[in-house]
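Structures for review follow.
Two complexes follow with chain A in common, the first pairing it with chain B and the second with chain C.
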Partner chain A sequence: MLLRNVNFHRFQCGFAPGNIPNFCTVLEHALLINIFLTVLYVSRSYSNSPLPDVQQLSSDESVSGKQVKPERKSVVPSNSRFIYPEFLPDPKIEWRNSLREKLERMDMIQRRKHIDIPEFYVGSIMAVSSSNQHAPNKATRFVGICIQRLGCGLRANFTLRNVIKHVGTEMKYQLYDPTIQKIEVLRLEKRLDDELLYLRDAPNEYSTFDENMEVEYLPEGAPVPVNPEMVKLKPRPWRARWERKDMKGLADLGLEDRFYERAKELATPWEKYDLMKQYRKTIPEEEQKEIFAEVYSELHEVEVMRKKLKRKKVFIKPTKNV
Partner chain B sequence: MSTIFAARQFSTSAVSNHIMKLTRLRVVDNSTIGKQAMAEGKPPRCIHVYNKKGIGTIGDKIMVAIKGEKVKAIIVGCVKEQKPNIPRFDSNNIVLIDDNGTPLGTRINVPIPIVLRTILKEKTFSKGADYTKLLAIASNYV
Partner chain C sequence: MSKIMRSTIFDVPSSLRITFGGPMVFLSRTAHNVRAPRIKYPLWYLQRERAKDDQQLTGDNRAFVKEAVHDKFGMPAVIHGISTYDVRSPLSEDSVECTNVEWNPKLQRTGLIARKLGNYPMWLNNGKSVLTTLLQVIDNHVIKYIPPDEFNPPRKPYSCPNHKKQLGCLLVGAESADPQYFTKQYCGLFYREGMMPKKYLGRFMVSPEAALQPGTPLLASHFRPGDFIDVRGKTIDRGFQGVMKRHGFHGMPATHGVTKSHRRGGNVGHGGEKGRIFPGTKMPGHMGNRYRLHKGAEILRINHKYNVIWIKGIASPGETNSIVYLYDTILPLRKHKSPPPFPTSKVLDNDQLIDSYKEDVYKFTEQTITYEEDK
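Take a look at the complex of A and B:
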């Protein structure tokens, strides 16, 4: 049982097979090593970086057990992948490049130190001020609901939608674009779907927002509210066959039965059980932990700085009007 | 079985919403001819795009067939996907102009992309058509 346990940890930590004979000599200290490796295993959280080889470990052990202190466990909140989704790379294997991803993450943190990129979700109402060389005063501001958030790394982007003078207008922004001056979240909330592209087929009142909207603050530490609004679409034709997309935020579509029958024929309800597909579509949890452990301390610092500045801004002394 | 095979025989591609020949458009200025055509439910059709691609985008000059007449127009907003920082609209908007680039109407009631200021200035040459008059009648920019 003990042997199997040790072997299991060896496997998890990725030791080279050449080290097995060394490992056998260490079996006398198996219990100690087992504890040590468990500590290592927890603190490094499946680290892929090469570990010191077994011989070194055993000598460390023999000198004193107390020298080996467990690394400080980082306190990365579990919702980081929702707050900072662009820090996770594209899971497509052909496009992975660990060095490029690391450099991009460094650049992203550098950018975040200069401007405040707040937490937002699809469905939040945002305002973006950016420099625009074409504008007469060299700056523009656009208010709208975030209908799509795509991309990872420095290519992360989001799309805002608003109805201006009865014409639906959409604007795509790159999150790390150096021309952006300010990103404000006017109302922080989520909607029932991950993409709100069906607002293009909905009546205008669903995506009309006032340009001079005030910021709505949430109490500190409150969970992000989910807006359960159901959207009633205009009659067909639509930009997509929404009855086939299984959208949760759509009210009754009012179609004939044949549309729903066809949608049922084409549905793939077994795909949620396809573990391999899920694995290829996502970044594994261990890798996510590693990435966030690398960037979280700096991100947290930026966040604390931002809060301090905000507090300062809130309590501005009222000035006398002459 | 045969129906399944028939369904798999052809492929479909995503709609690209190009402005090309025979595309229906929306007149957004207040010229009489444009207003009448839109009110009758007979929006103008593009019959030529004055560029080498044959696909029009923001700032391109086109010729439209409107109420049995041939009129030139400038595209001031498209439905198709745009690059970052350039707006995308829910309709293909045009403004009617004459041969000198002077708009037929006196007011544009929809938002106009700011890039159009630069694009139209670049397309205007001295002694040629002056397209920048269109910018003066726009009510707001996006």
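Take a look at the complex of A and C:
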């Protein structure tokens, strides 16, 4: 992945082609790459072009890929890592073991054959039915907005938030918990942030959703819409210092200047240029491809099953309206 | 000498053996109140690692040496998910010696050498989540059996001087490796048995009835789901640590006039006649890097294809990818209730059985858990 990024930037910065072989010999040392790329990034930032983060880089890769070598197109869709993020292992090197990750993936696929785990993102509105020994019908259903999605492998979990009887309520579910009977996505959409924990400090109307909400279907192949809703928080005190978190979905916080000054002091805007840090925090793209190539055929089967079911539902819907 | 030494040093050929006049006792699996870990040399009386010298071989000669190794021992192969060599030991043909001895609770079986793969959650049939640790039994073979009369380790435990010689010593090796990278003496340990040198060795005290022929493969099916095992490993080395991390002290307040003592332990002694620090007082010092035993861990699931054992809990010592030793538990109430595979399990020919589970563990191939309505 690093090497590809380098190619990409070489292309962007207009290096003379004659220099490239010499440069490649230097590439042996990751440290040098780091330093060199940091310089490149800084030089790019002067041209006021938006900085690509790691996720964008790979989508741009198709552009750079043509420059490097014509690759055989793989059947695995490139957005697999957004749809199935929990299939990528924890990048912490001390905890990695290829066999454990493989066994974990096998178990996950086995579970997915029995329950439909749809594509969802933070900001989607979901309904989860799960077995509950203490509930009257031995099952409960909870509707809410997904405010957090964490973990990888069988530990993957997500948190739903809703306001029930004027009380903010959150439920944390393990994605592969065998007591979960059904996961529905009522409205598939994204929000401006990757974590919506600030809804806890917002007025209740921002996280109130109807429990009897009906499923809203998107047309086949449509991109996932981004809801640009800005959240206006209640006055302080808050659960976190949101002015320091650089949240995009927050409206004006209405704080004194000193808060913003302090936030500016503590900000670490240089971290996004630290490529090695990004590299250590993510799974390299070659490895991602390997992982998804291994599990894709079985995931695809499950997906086809899901689509069949979905088509049935779509067919039923107009009769209901009549 | 510390007990760590005792439990890591194995028997040596009689020519090298240092003999003491003292009586012999069997090893203790865990060490308490030992001194801080330090570098111990020689760990093995037979030095294992060879100095890295460039033998100035040509490419052809290198290839020839490699070929000779493969000719003698077998070709590289992936067996049970581990890259190893397809060893053709003549002794492994009729591996398990047919001892028609019935298992009884007093007999001690051999243990296994495993690698810790990490943790992940599993669920029980009642919907409860349990964290499990995965241990892979890595290409284990019996190397040597030393009967109780001949077993005379260079260092003996002194805790039990009147112990009778009852247990023999079974040397087990894990992970075959290229003999080029080890010393001649070390390879000689395996040579007689026609085995490849092993990267890791373990010494297990066994009853003479549970002795095994050298070359016998040991598999994860040596244990069964529902059994309890002891896991011995080296804890994560955390270096010199203060009392808050090492012993879980609470430290002192952040304010209220406290200066420079927020993480200190406070008083360690008394006054008057007792005006000294008592031995064993909890103080800062080296933490980790010691052998510790996790007793009575329950086996929830076994994968026979990859020889992986899932145990309940995440308390087994060591980092991910470190080596641990597995034994039948010594806790009296958790010992085998029914006869286990004795002296060890046989190699199964059919590959049908991949996973075996304890009864109350949820299998991911099963339907979603639902509760029945009570009337």
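Please note the rule applied: the second predicted complex is superposed on the first by the 237 of 322 C-alpha atoms of A that agree within 3 Å, B and C clash if a C-alpha of one lies under 4 Å from a C-alpha of the other, contacts with A are read in each partner's own complex, and residues count from 1 in each chain.
Note that in this section contacts are C-beta pairs under 8 Å (C-beta built on N, C-alpha and C of every residue); 3 or more make two chains touch, one makes a residue touch a chain.
This one's a predicted model, so the numbers in the text were calculated from it and none came from an experiment.
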>> Following the superposition defined at the top, how do chain B and chain C come out on chain A, clash or fit?
In response: fit
> Given the touch rule stated above, what does A:L266 touch, chain B (first), chain C (second), both, or neither?
Replying inline: neither
> Counting only touches as set out at the top, which of chain B and chain C does A:A222 meet: first, second, both, neither?
Replying inline: neither
> Which partner, chain B or chain C, is in contact with more residues of chain A?
Replying inline: C
>> On the A-aligned overlay, A:D107 touches which partner chain: chain B = first, chain C = second, or both, or neither?
In response: second
>> With both complexes superposed on chain A, which partner does A:M171 reach: first (chain B), second (chain C), both or neither?
In response: first
> A:N157 contacts which: chain B (first), chain C (second), both, neither?
Replying inline: first
>> Per the contact definition in the header, classify A:R200: touching chain B only (first), chain C only (second), both, or neither.
In response: first
> A:L99 contacts which: chain B (first), chain C (second), both, neither?
Replying inline: second
>> Which partner chains sit in contact with A:T140 here, chain B, chain C, both or neither? Use first/second/both/neither.
In response: first
> Does chain B (first) or chain C (second) touch A:V75, or do both, or does neither?
Replying inline: neither
>> Quick check: superposed on A, how many Å separate the nearest Cα atoms of chain B and chain C?
In response: 7
> Which chain A residues lie in the overlap of the chain B contact set and the chain C contact set?
Replying inline: 132-133, 174, 177, 179
> Mind pulling up the chain B residues that touch chain A in the complex?
Replying inline: 15, 77, 82-91, 93, 109-111, 114-115, 117-118, 139-142
>> Give the list of chain C residues in touch with chain A in this complex.
In response: 81, 117-118, 120-123, 127, 129, 134, 136, 303, 306, 308, 319-321, 362, 364-373
> Hey, which residues of chain A end up touching chain B in the complex?
Replying inline: 130, 132-136, 140, 142, 157, 164-174, 177, 179, 200, 239
> Any idea which chain A residues touch chain C in the complex?
Replying inline: 94-97, 99-100, 103-104, 107-108, 110-111, 113-115, 131-133, 137-139, 153-155, 174, 177-181
